[in-house]
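Input: structures, listed below.
Shared chain: subunit A. Partners: subunit B in the first complex, subunit C in the second.
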Partner chain A sequence: MLPLTLLNTSQGHPMLVELKSGETLNGHLVNCDAWMNLTLKEVVQTNSDGTRFFRLPECYVRGNNIKYLRVPDEVLDIAREKNQQQREEQRKSSQPQRGGYNRQYSSSGQRGGFNRNRGGGNVGRGGGQFQRGGRGTKY
Partner chain B sequence: MSGLAQYVGKAVVVITSDGRLFTGILQGYDQTTNIILESAKERVITPDAPTEVLDLGLYLLRGESVALCGLVDDEIDSQIDWDKVRGLRLGETKKLGL
Partner chain C sequence: MENTDPSLLPSIIFTTAAQLVDCVDKKLLVVLRDGRKLIGILRSFDQYANLVLQDTIERIIVESMYSDIQRGVYIVRGENVVLVGEIDPEKENSIQLREVSLDEIYAAQQDEIDNRRRRELTKNSKLIDIGFSIDTQQEDMY
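Then we have the complex of A and B:
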């Protein structure tokens, strides 16, 4: 599983973020992105000695300042389930298109030129990036 | 084969750039060496006290803070009496230049 998948799944869950400076932030993850930038709400900030505490209603953390995140154990299970569901949906959505010969032509209403016949790229082949390796593809 | 792929699902030890030592099960990683550690534990090794083990749970380590990730040999690891292990605190690593 990808770390950022886990992070995405953590949205809405409480977490502890330690920054490179040693400060920690305890709060609920509101949002995150591919750079690990975060927004947290209901935050308790602790200085690096752990001697002072500050309460912030909300804060934004630029990803590059993060050392690590501590997330609740159950988030991993939730993320695994989500992954599994997505895989199944991809498998299902690819099946009707496998015999999708007709689709390509009927939808266009034309005989279709050069590109059109070949085209459809992924659509016609029913291929997402995960299709090639069949069911057992890991990612 | 090289890279972290071969460690996925196995017990690993991670040393971070601030000199801390974590163990856990590697559940995932990415191009920037962000690491998912399941059942993460921190081993605090000090010169004059038994090794302290902190149970931390699920951790996501940012790649920049990872200095080392190694596969744990369970057989050897089980032979180590961590209570008797003493050692100095590891130093930090420093990034020079950009």
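Then we have the complex of A and C:
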């Protein structure tokens, strides 16, 4: 799974965040987004020398300040499982669509030819792209 | 166009993070901008070269000494990556370095940092003497 997907699945887990400045934040991940912005709770912040410690009930980190994150080993397994589940669901939901030409045509036929063609094309292409990317990263 | 050798094409096409596909599930050395060296198995990456490393160790190398620290799973933000190199498992055990204790390596590392700081200070004061302005920003450590 992609790095940011893994970050997403780490929500609720403890993690260590090191900032570019060398400061570290130890806490539980509450939320994160596509820019790697984070909110953490129950944080212990250390300065870059590791000589001083501060306890913060919660904190927000702007993603660009991050050097790296360390997450617990089990998060990888959890992410892998979730990914597997998602793929299966996707396969299940995409199979009837592929066979269901008739249904697709009849339902979009009410909207007119232009929409029908575009809709059909997008569905097919989107599915293909996802699978290709997934195989490259092996998850 | 003279260059029609098909074996040359891949290296031309994949000049971005995409060439990391070959490294997935392999043991890599990752050097960060702060000088850290991480050795771990690359599990995934994205277009920013953000990396996921599993079973990572941090290797501190000072001169011909080294020491390893077990670290686990890393998500490295791509900006901080200097280089990624594949480790040849056959040659891995024949490195010309001596493993020492953590205390020893920390002491040696501190010495190295102090020395560098001293050199930097003398260099900067010389530069100022001859009329240069210097930036106070910390240089990359790698």
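Just so it is clear, the second predicted complex is superposed on the first by the 104 of 139 C-alpha atoms of A that agree within 3 Å, B and C clash if a C-alpha of one lies under 4 Å from a C-alpha of the other, contacts with A are read in each partner's own complex, and residues count from 1 in each chain.
One rule holds in what follows: a contact is a pair of C-beta atoms (placed from the backbone, for glycine too) under 8 Å apart; a residue touches a chain by one contact, two chains touch by 3 or more.
This one's a predicted model, so the numbers in the text were calculated from it and none came from an experiment.
Enquirer: Following the superposition defined at the top, how do subunit B and subunit C come out on subunit A, clash or fit?
Expert: Clash.
Enquirer: Regarding the shared-chain residue A:L56, is it in contact with subunit B (first), subunit C (second), both, or neither?
Expert: neither
Enquirer: Examine A:R70 and indicate which partner it touches, taking first as subunit B and second as subunit C; both and neither are also allowed.
Expert: Both partners, subunit B and subunit C.
Enquirer: So subunit A touches subunit B in one structure and subunit C in the other; where do those two contact lists coincide?
Expert: Dual-contact residues (subunit A): 1-4, 6-7, 20, 22, 36, 63-64, 66-73, 75-76.
Enquirer: Taking the touch rule as given, give the residues of subunit B at its contact with subunit A in the complex, in rising order.
Expert: Checking each residue of subunit B against subunit A gives 16, 18, 27-30, 34-36, 38, 56-62, 64-65.
Enquirer: Can you tell me which positions in subunit C touch subunit A when the two form their complex?
Expert: Checking each residue of subunit C against subunit A gives 21, 24-25, 32, 34, 43-46, 50-52, 54, 71-77, 79-80.
Enquirer: Where on subunit A is subunit C touching in the complex?
Expert: 1-4, 6-7, 20, 22, 36, 63-64, 66-73, 75-76, 136-139
Enquirer: Can you tell me which positions in subunit A touch subunit B when the two form their complex?
Expert: Those residues of subunit A that touch subunit B are 1-7, 20, 22, 36, 63-64, 66-73, 75-76.
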